[in-house]
Every structure is written in C-alpha cells, then in structure tokens.
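You will see chain A twice below: alongside chain B first, and alongside chain C after that.
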Partner chain A sequence: MDIASLVFSSLYQFGDAFAFLVLSACGLAVIFGMMGVINLAHGEFIMCGAYVTVASAHAGLPLPLAIAAGTIVSALVGVLVELVVIRHLYERPLDTIVATWGLSLIATQGTLIALGSSMQGVGTPFGSFQVGNYSYSVYRLVLFASALAVLGGLYALFNWTRFGVIARATIQVPQMAAALGVDTRLIYSLTFACGAGLAGLAGGLYAPTMTLVPTMGATFIMEAFVTVVVGGADVFLGTAPAGAVLAVVKSAMTSWQGQLFGQIGLLVAVIFVIRILPKGLSGFLLRERT
Partner chain B sequence: MTRKVLRGLHAAALTGTLVLSSGSAFAADPIKLGVLEDQSGDFAVATIGKVHAIQLAAEEINKAGGIMGRPLELVTYDTQSDNTRYQEFMRRVLQRDKVDVVFAGFSSASREAYRPIVDQFNGFAFYNNQYEGGVCDGHMIVTGAVPEQQFSTLIPYMMEKYGKKVYTLAADYNFGQISAEWVRNIVKDNGGTMAGEEFIPLGVSQFSQSIQNIQKAKPDFVVTLLVGTAQASYYEQAAAANVNLPMASSVNVGQGYEHKRFKPPSLKDMFVTTNYIEEIDTPTGKAFLAKFKAKFPSEPYVNQEAENSYLAVYLYKQMVERAKSTSRDEIRKVIALGDVCMDAPEGKVCIDPKSQHMSHTIYLAKVGADHSISFPKTWEDIKPYWLGEAGCDLTKKDPTAQYTPSNPPPKP
Partner chain C sequence: MNSLLRILGHLEGPQTVGRGPLFWALFAVALVAACAYPAFSDGYTVGNTVYFFTWVFIALSLCLIWGYGGSLSFGQTAFFGIAGYGYGILTINYGSAYGFTLVAMLLAIAVAALFALLLGYFMFFGRISGVFLGIVTLAVTLMLERFMAQTAGPEWHVGTARLNGFNGMSGMPPITIPWPGGSIVLFADIGLYYFVLGLLVLVYLGLRILMNSAFGNVVVAIRENPERAEMLGYDVRKYQLITFVIGAALAGTSGVLYTAWGQYITPSSMGMTAAALPLIWVAVGGRSDLTSTLVGTLTVLLVFQALTIYGSQYALVCMGLLLVLTVLLAPNGLVLGLMRLLARLSPSRRTGGV
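After this line comes the complex of A and B, so read on.
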C-alpha cells in the first residue's frame, strides 16, 4: 500500500469522526454549553430532524430541501418546548435534567406508538470513489464539509451579527440586557430554537446513512455531551477544537484496536481534559483574552 | 389524600381481588402465561411481533376451548429492551402473578439476566429466540434455532460458494462472542482462515473505520452478527462505501427485516439461515402469515421469532394436555418420551429431550439486489445436536448452566 492512500484513509477517518462529533454536538453546544440547559432531549431533536427529513424525502422533496425541512421543524419544536417547559426552568439548571429527560422518554415512546417501530430509509446519495485499495462513500465527505460549514456559520452568527452579540449579552447578564431594552425572553427562545434546529440538521444529514428508529437519538448523545464538555462554554472555540482533538483520539484508537477502544479512548480523553482544564478547551483558549 | 384514605383504598382493592379470584374459581381456572418481551427500546423492531404471535395463538386456542377446558390468560409486561426490567418482571410474574409458564426474552444478555431467577423460584420459561446455544437448564425450553442449525449449514455453503477467507463483525456481548467462536471453529474445520474479527459495542452506529478494516483484510465474505437497530446502520454505510462483499448472518433479515427497512441494494447478497420468515412459500407458512395479517393488518413483518413464539404456545398446550397438568416435572416426563412434535408453520418440529431445544427446518434466504428474497437451499429436520453430544442430558441431570464450545459440559 502506498503512502498517499494511507494518508488519505487516515484523513478520511479523521474527517468522518470529526463530522459526527461536531454535528451531533453543535446544537447541544448552544443549548448546554452557552445557555446552561442540560438538555437530555437533544437526541430526540436529532431524531425529529431525521424523521422529518426522511418523511419529506419520501413525499418527493429533493434531499437538501428535505434536510432543510427537518431543520426548520426541529427549530419550531424547539420554540414550543422552550415556551412550555424550559422557560420556567432557567433558574433551576438541575431540574432541566429531569424535565428534558422526561421529554425525551415521551418523544421516544410517542414516536414508537404513533409511527411504529421503524421507518424505511432513503438510501445514501452520491455513490462511492476509490483511493488505493479502499473505496469510500462520497456522502461522508459531504458530512465533513457540512460540519465545517456549520462551525463557520456559528462563528459568523455569534460574532458578526447583531443577534449573536445580543444573544451572548443576554445569556451573560440578562438583567443588564433587559435594562438596555432587549427582549430577553425572545432572545432565549430564539437561541434555544437555534440549538434545536442544529440538532435537527444533524439528524437530517445523518438520516440517509442510518437506521430510522425512535431510539436513534441515543446513539448521538454520548458523543454530543463528550464534545461539549471537552469544548466548554464557547460555541465555536469549544466545539471546533474539541471535535478535532476527540476525532484524532477516536479514529486512531478505532483503527488500532477497534470500536470498543475508540469509545474507551474518547471517554479517557474527556477525563483528562476536564481534570486538567475544568472549563474545557474554550476556557483555556480564551484565558489570555480576559 | 391522607394516609388513612389510602390505606382504606388499599384494603378495598385487596378484598376486590379476593372476591374476583374466588368468583373465578367456580369456572375453569385460567392457565396463566407470562409474556416478557421488549415492546419498546432498541430491540422493539424485532420483538413486538412476538407478543402479537402469542396473542394470536392464545386467541385461537381459547376459541377452540382452551387447554383441557381451561382458558389461556396472558400476563404481559413490556421489558423495554432493558435487562434489569427482565429481572424485575420475572420476579413479579413468578411471585405475585403466579403464572404457570413464562415466555421471555430477545437478547442473550436479558435471558442470562432472568434465567437465575427462574431457577431460584423454580419457574418454567420458554425462550423463543434464536441464540448462541448451550443453555442446559431443565427450567427452560428453547424453541429458537442454535448455531449447529444456523452456522453448520450456512458457513460451509458460503465457503464453497465464495471462498475460504472469512471476516466476522459481531455485537460485543455474550451472543456475538459465542457465535463468533462457533464461526471460527466451523471455518477452521472446513479448511478456511479468519481474515479478521471485530466486536462492536451495542449502540454504535458509525462504521467507517470498521468498513476500512474489512477492506484491508480482503475477505471472501463477511459474517455479520450485528444486533439492535443502531448497529443495523452498518449495511447502509457499507453499501455507500461500495464494500460489495457477500454477507452471511444468523440474525439479520430473520429478526430485524433489514431488507424491508433499508433502501435497496444495501443488503444485496446477504445470506441468512432462518427457520421462518414471511417470504417462505409453503402452504403452512402462507396460512400462518394470512392469519397473522388478518389479526394484525399493520404488522410490518412476521419474523422467525414470531413463528417461534406462536408454535411455542401450541407446543405448551400439547405438553400440558399430555401431562394432564401444568406442573413442570409432569411436563418434563412427557418431554423425556422424546415424541413431542408438532406441525409448525415452518414444517415439523420436535423437542430434543436431552437439551430441551427444538429441531427445525432451516431455510437459506438470499437477499437480491432489489431486496427480494429467494431460497437457494433448504435443510429439513436439523437437530439441535451439540448439547446432547457434548454431554448435556436433562433427562438425567439438570446443571442449569450455559456451555460453549470452549467450555463444554464436564465429562462424567
């Protein structure tokens, strides 16, 4: 085997792990990392995005539009959940664990009862390509590109737009923002919807590659929380480096000893990071600036 | 509500049950059948049909006059794909509901979780599921297929057809590990080599690296022993990466109907040995499917475990009627005669007295590029011989243990 194909395969595996970590985590980074709501229903927002995407695709919508539909529906569900449940619990972060866990159980079982135990998939688009001895799925590169685009979009949203500045101000010192005339309830609502929509986007993007069942959100949740905990409070400066570090650990360990060691490596890496950097990677990166 | 009121209600509820039970004693007492199956959680896809099959059989039996004139009553709990729920509900059906027999379990992890409880409370349980084999326990009857039925047929067929380099991708728990051991031994006995093995933790859904490991090892075919809905994502991802290797399995299609859930051609060239799936085109098989669909029109698929569960109810009926008792000891005396057989939807099946496992007709199902099923080969009356040959004989001794090829029963 020549060096070039070995390098490409390592990069591909890194990109694949990176995309999965970043896309599963970015919605949670907004809701948990930034807003401090421990959202155990994160997986169910992902499931919602995936189900809406596949249902729209079955109804005849082209896949990119179907994914957009999944994202929007998840965001709207996010608005509703924020309005009914989360809004009343911002002062009680520990209670959000119980409330969102309850929501997650209701969503999983409700989907099972309403839509049955599984749904037919749509198939992965774009086919495959060959490098050296290995063949790869093109769609996996699309996922990697989407992860980069989402990270770029989040950076732009929270740093360059008026909404982003107001959202960060509201979450840091809500009373001051309110005194300056910001409708903090609306901002909280929109930020939560943004997180839910990102979760829906992750579900929509992964829907063609996965089995569609009511419990599918659970397969994202471990990676999502691990990435956000390692990343810390800043959405961009946390999720991007955390995704990169963990993807290296995971893909290296998995190629060396298999999936089990990949998972062990991921969890050991988390223990190290939060032991040494309690505020996560973004806390470390931002220390010089404050 | 005050504590006093609560206590009053509790007492009322108690007397209510007393009145009810004494009332029903005048009619024929029902025979109680506990049903512990996963109706939610990761395994629900494959197991909701088992509950429906038991309901169907019970309804038919009750319409035809019950068992010895006694109606069959189901006591059903949802075990939620959770091993601790199995233990909790197994204690409940045996101690509180006092059922005569329990039909329980999908995953081998959950069976091994509840089996000690059945032994402890001297219960009687049917495990209506294919599994990795080796349970030698007089409290259990196994109606599902075992490796000597599924792998001794499948693996030599695949090696002859595609080649002798084999790669195993298995779920990382007792089922996957022991089944992989069986595959390893059979491949070796037939002069083949293992190109590689990987064990995947339950719940893993991303397979890029595993796909690459398989491509690196260049096997002639892949044995997929993946369990649960998360792991089923492998097929879609392998197809997208154009792995294009034939696959062999004892669990796919026959349990999780992956060929219906995924878009073709992701399961192309998947070979499965199963004792029943709804595509099997025999008169008895089709008649069973028609009855099933008439009662449950929205059932997505009738799989082998549904058939195992259905035939198990009739088997239990036959044994109780012949023993003239629901007592396990009396029933085992009937089993020891060695002629407990019935005509099931798959064909004729019999219970082996030594291991209390079942003989089966094994169908080789092949998934085509359009996900249609064909049956290149059928093996009739394949016996669950391994336990008996290895030294398990429940008619003489009940060790209540599970054995594997590397840990066989102790020689007398």
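After this line comes the complex of A and C, so read on.
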C-alpha cells in the first residue's frame, strides 16, 4: 500500500470515529452543559430517532426527510419527558440520573413489547468508492460532514440567535434571567428538546448503517458519555476537541487490535483524563483563557 | 471486654433507623422466623429464597456507597461480575477439595475489591464527583460486559476454564465446607440457605456497627457537605475510596454467591438492565438506611418475581415505572418513609427518635 492511500485510510477512520463520537455525544452535551442534567435515556432517544426514521422511510419518505421526521419526533418526546419528569428534579441532579434510567428501562422494554425484537432496516445509500486497494462507503463521509454541520449549527444557534443568547443567560444566572422577564422553564424545555432532537438526529443518521433493535441505544451511550466526560460542560470547547482526541485514540486502537480495543482505549483514556483534568478539556481550556 | 461492649454499642446510633428493645425484639423474631423457614417449606422454594438473599449484599453495597456516601455508583454490577467470574475461574481450575471453594470465594472478592481500589483511586483522587462518577462507573460496567460477551472463542480461557462469551461460564462447583468425615456441599437449597443467611446477618450487623462508628459518621458528614468535612481535617478522598472498596467487596460477595448458587454466570449479569435493578431496589426501599434497603430489596424482588411469572414482558416496564415514581414522589424511599412514620408513633421517641 502506498503512502497516500495509507494516509487516506487513517483519515477516513479518524473521520468515521469522530463523526460517531460527536453525533452521539452532542445531544447529551447540550443537555448536560446547559442544564447540568445527565440524561441516561439518551440512548433511547437515539433509538427513537432511528425507529421513526426507518418507519418513515418504509412509508415512502425520502431518507433526508425521514431523518428530519426522526429528529422532530425525538424532540417532541423530549418536551414531554421534560414536562413530566425532569422539570421536578432540577434541584436533585443525582435523582435525574436515576429517573432517566427508569425511563430508559421503560422505553427499551416497551419498544421490545410493542415492536418486537428487531425491525427491518433500510440499506446504506450512496454505495462506495475505491482508494488504493480498499473500498470506502460514501455514506460515512456524509456522516462526517453531518457531524461538522451539527457543530457549526449549534455554534450558530447559541451565539447568533436570540434563543441562544437567552438560553446562555438562563444557564449562567437563572434568577437574573427570570428577573429580566425570561420564561426560564420554557428555555429549559426547549434546551432539553434540542438535546433530545440531536439524539434523534444521530439515531436517524446511523439508522441506515445498523440493525434496529430495542437495545441499540446502548451501542451509542458509552461513547457519548465518554466524550462528554472528557469534554466537560462546554459543547464547543469540550465536545468537539474531545471528539477529535478520542477519535484518534479509538481509530488507532481499532486499526491496531480491533473494535473492542478501540473501546477499551476510550475507557482508559477517560479514566486518565479525569485524573488529570477533572473538569474535562473545556474546564482546562477555559482556565487557560481567563 | 469493655472495648467489645463499646463496639456492640454501635449497633444502635444516629446513622441507622431502629433502636430500643422493640426493634431488637422484631429483629429476633425475624431471625427466628428465617431460621425456622426451611422446616415449613420445600427445597425448591428455599433455594429460590437463597437467590433473593444473594442479591441483598449488592443492594447493601449500593446503600453504603450511594445512600451513606452520596456517590452514585453504577459499577456495582461490574464488581459482581468480576467476583463471579473470578470464583468460576478459580474453582474450575483448582476444584473444590479441602475447602478451596471458601478460599476461592475470598480471593474472588479480594480481586473485585482490588479492582475497585484501582478505579476508585483514579476517580476519587481526581476529585470527580456527582454525575461524572455515575457515568464513569457505568462506562466501566458496560465495557466489561462487552469484553466478556466477545470471549466466545476457544482462545479465551484461563487455565482450563473457558469464558464462553455471551453464553457465560458454567459448571463451577458449589461452595463446599470441609468437615471431618466428608465435606458438606452447599447445593442451592437448605445448606446454602443457612450459609447465606448467616453471612447476611453478620454483614448487616457489621455494617450497622461500621456506620455508627466514627468512620461512618465521617462518611455521612462528607455526603452532607464535603467542603466542611475537609475543613475539619478529614481526607475526603480517602474515606470515599475506603467506602467504595468495602462496597465493591460486598457486591463481589453477591457475585460469588450468585455464581455458586446457580453454578453459572453470564456477561449479561453486568449489562445495563442488571445494573439498573440494584438501583431500583435500593431507591425504592430507602437508600440512606441499611434496614430499609434490606427490607425494600427483598420486597421488590418478591414483587418482581411475581410480575415475571404473571406478565413476563411487562415486569421490567413496571420496575422502570416504579423507579421513576419513587424518585418523583417519595425520594427517600417507601420503606424508609414507613419506618420513620412507625418510629414517630412508637414510644422509643423519648430516647431521641430517629
């Protein structure tokens, strides 16, 4: 294999790992960073997005619209969950974890009862292309582009829109924002819906590449958690660099020893990072800046 | 003699609900009933009850770490699995002669505790707390499950013990006590019942003493306010680490007993669902007290088994619902709430109440 195709292969694997980490983590990161809530039902929102996407695709919608449908349905479910459960637990962050875990159990088992143990998927679109001796899936490049687009979109949303400014104000000093006439409860609801929708988007994007089973959320959840822990509370200064660093670890370990060692590498990385940088990369970067 | 009395005095104290003659009379009645129970039941039902008892240890470990220590750990099932597999590997390799199963049990628990020491060092000395602790322990648990699930091939073995991937390991001997004139093999009926019951009573009383001693009071102080505890000169990290390791050993005890009970262990005993169940028992019972955890765990297990028999698929949904409702409506747990109500009504209030 010549150097160029080796480089391309490494870059491709890095991009693939980066997209997976960022897409599965950003919903969790938005909810955690903005609200301090860890949503253990995150994987189930991803599952919800994937199921809705595939169901709409079977119903005849083109894939991009089906993914949009998955995103919207997940966001709506997110609003519901926030209203019924999360809203009452903002004072008790540990209890939010426990309650969302209960939700995750209900969702997984409920899906199993309602829809059976697996669902007919849709094929991966766009086919593949050849570089050197290996063929690569085009759709993986689409996923990488989507991850970048999601990061860009979030940056625009939280920095350039009125909602973003109000949301960040609410997060920094909720009482002050409320005193200035902001409906903080509405902002929390919308933020949670945003996180849930991003999870749904991840599910929708990955739906064509994997088998749909009720427990599919668990495949995403570890990567998502690891990325958020390494990244810390800030989506842009945390999740994106954490995704990049961990993608290097994961793709290197995976190409060296296989899938499982990629995941073990992630776990070891996170344990070392919390020992050295307890507040994650964003805590470190923010401290450097001030 | 005096020091022994002082230690026994810690059986009652500010950190545990239940005091005075009435409570201990109830305790004695429950103990006698538990001892007499096999006489009124058949071997199968007794074996089933042992199954419930084996789970109480992991529930108590979570009560210790989460309820008393205030750090939510999802890693208890990881220690459960490590000790379970450890027991299997050791006994399959070295057999059960000369009471080796008891040694294997202790070694397996020690391995789980060592693993907790290593993991806990990174977590507590990195001063991560709250939700991050939960995430890291959960990630470790899921990782272990994935690792064990892919060990199906014949290349995955330790000595003569095949790990067998997703199907799990089986065929390890039950716990055997050496005895002059033939060892006693504790199959999953009356023999194992008394062994586990005895262990449970010891652990329960031991934990009561531990939590009411100076150590336990510091652990609770750290839960209430880590900064204040630190200002008072306690090394918060050390106390948290010790609590975590003790908890891991208890979870490991559960794992060994479970493995010895059914003579099998699978990776799914470390999965998402398996990790959620102890949390449900402890949360529903009342996480900040040993007695309510014990009672709550046995009650929820009983209900869960009944549900599994009558509506197998819906049992987990009900458990999830129970967890969410408990957190929303009775955050201190149902059993603990009930016990506090009873304590308020009983005459022992004069001695300080609870």
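Basically, the second predicted complex is superposed on the first by the 287 of 290 C-alpha atoms of A that agree within 3 Å, B and C clash if a C-alpha of one lies under 4 Å from a C-alpha of the other, contacts with A are read in each partner's own complex, and residues count from 1 in each chain.
We adopt the following convention: contacts are C-beta pairs under 8 Å (C-beta built on N, C-alpha and C of every residue); 3 or more make two chains touch, one makes a residue touch a chain.
Quick caveat, the model's predicted, so the values are computed rather than measured.
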Original post:
In the superposed arrangement, does A:Ala179 touch chain B (first), chain C (second), both or neither?
Top reply: neither
Original post:
What is the contact status of A:Ile3 with respect to chain B (first) and chain C (second): first, second, both, or neither?
Top reply: neither
**OP:** Considering only touches as defined above, state whether A:Ala114 meets chain B (first), chain C (second), both or neither.
**Re:** neither
Original post:
In the superposed arrangement, does A:Ala218 touch chain B (first), chain C (second), both or neither?
Top reply: both
**OP:** Give one of first, second, both or neither to describe whether A:Thr124 is in contact with chain B, with chain C, with both, or with none.
**Re:** first
**OP:** Check whether A:Trp101 is in contact with chain B, with chain C, with both or with neither, and answer first, second, both or neither.
**Re:** second
**OP:** Applying the touch criterion given at the start, work out whether A:Gln263 contacts chain B, chain C, both or neither, answering first, second, both or neither.
**Re:** both
**OP:** Using the superposition on chain A described above, determine whether A:Ala59 touches chain B (first), chain C (second), both, or neither.
**Re:** neither
**OP:** Could you say whether A:Ser135 touches chain B, chain C, both of them, or neither, answering first, second, both or neither?
**Re:** first
**OP:** List the residues of chain A that touch chain B in one complex and chain C in the other.
**Re:** 108-109, 112, 215, 218, 260, 263
**OP:** Spell out the residues on chain A that touch chain B in their complex, using ranges where they run on.
**Re:** 9, 12-13, 16-17, 20, 108-109, 112, 116-124, 127-128, 130, 133-137, 139-140, 208-213, 215-216, 218-219, 251, 254-255, 258-260, 262-263
Original post:
Which chain A residues qualify as touching chain C in the complex?
Top reply: 32, 36, 38, 40, 85, 88-89, 92-95, 97-99, 101-106, 108-110, 112-113, 215, 218, 221-222, 225-226, 228-229, 260, 263-264, 267, 270-272, 274-276, 278
Original post:
Given the complex with chain A, which residues does chain C contribute to the contact?
Top reply: 72, 119, 122-123, 125-128, 130-132, 134-136, 138-140, 142-143, 146-147, 150, 271-273, 276, 279-280, 283, 313-314, 316-317, 319-324, 327-328, 331
Subject >> Interfacial residue positions of chain B with respect to chain A in the complex >> reply: 40-42, 44-45, 48, 172, 198-201, 203-206, 208-210, 212-213, 215-216, 229-230, 232-233, 236-237, 239-244, 258, 260-264, 266, 298, 300
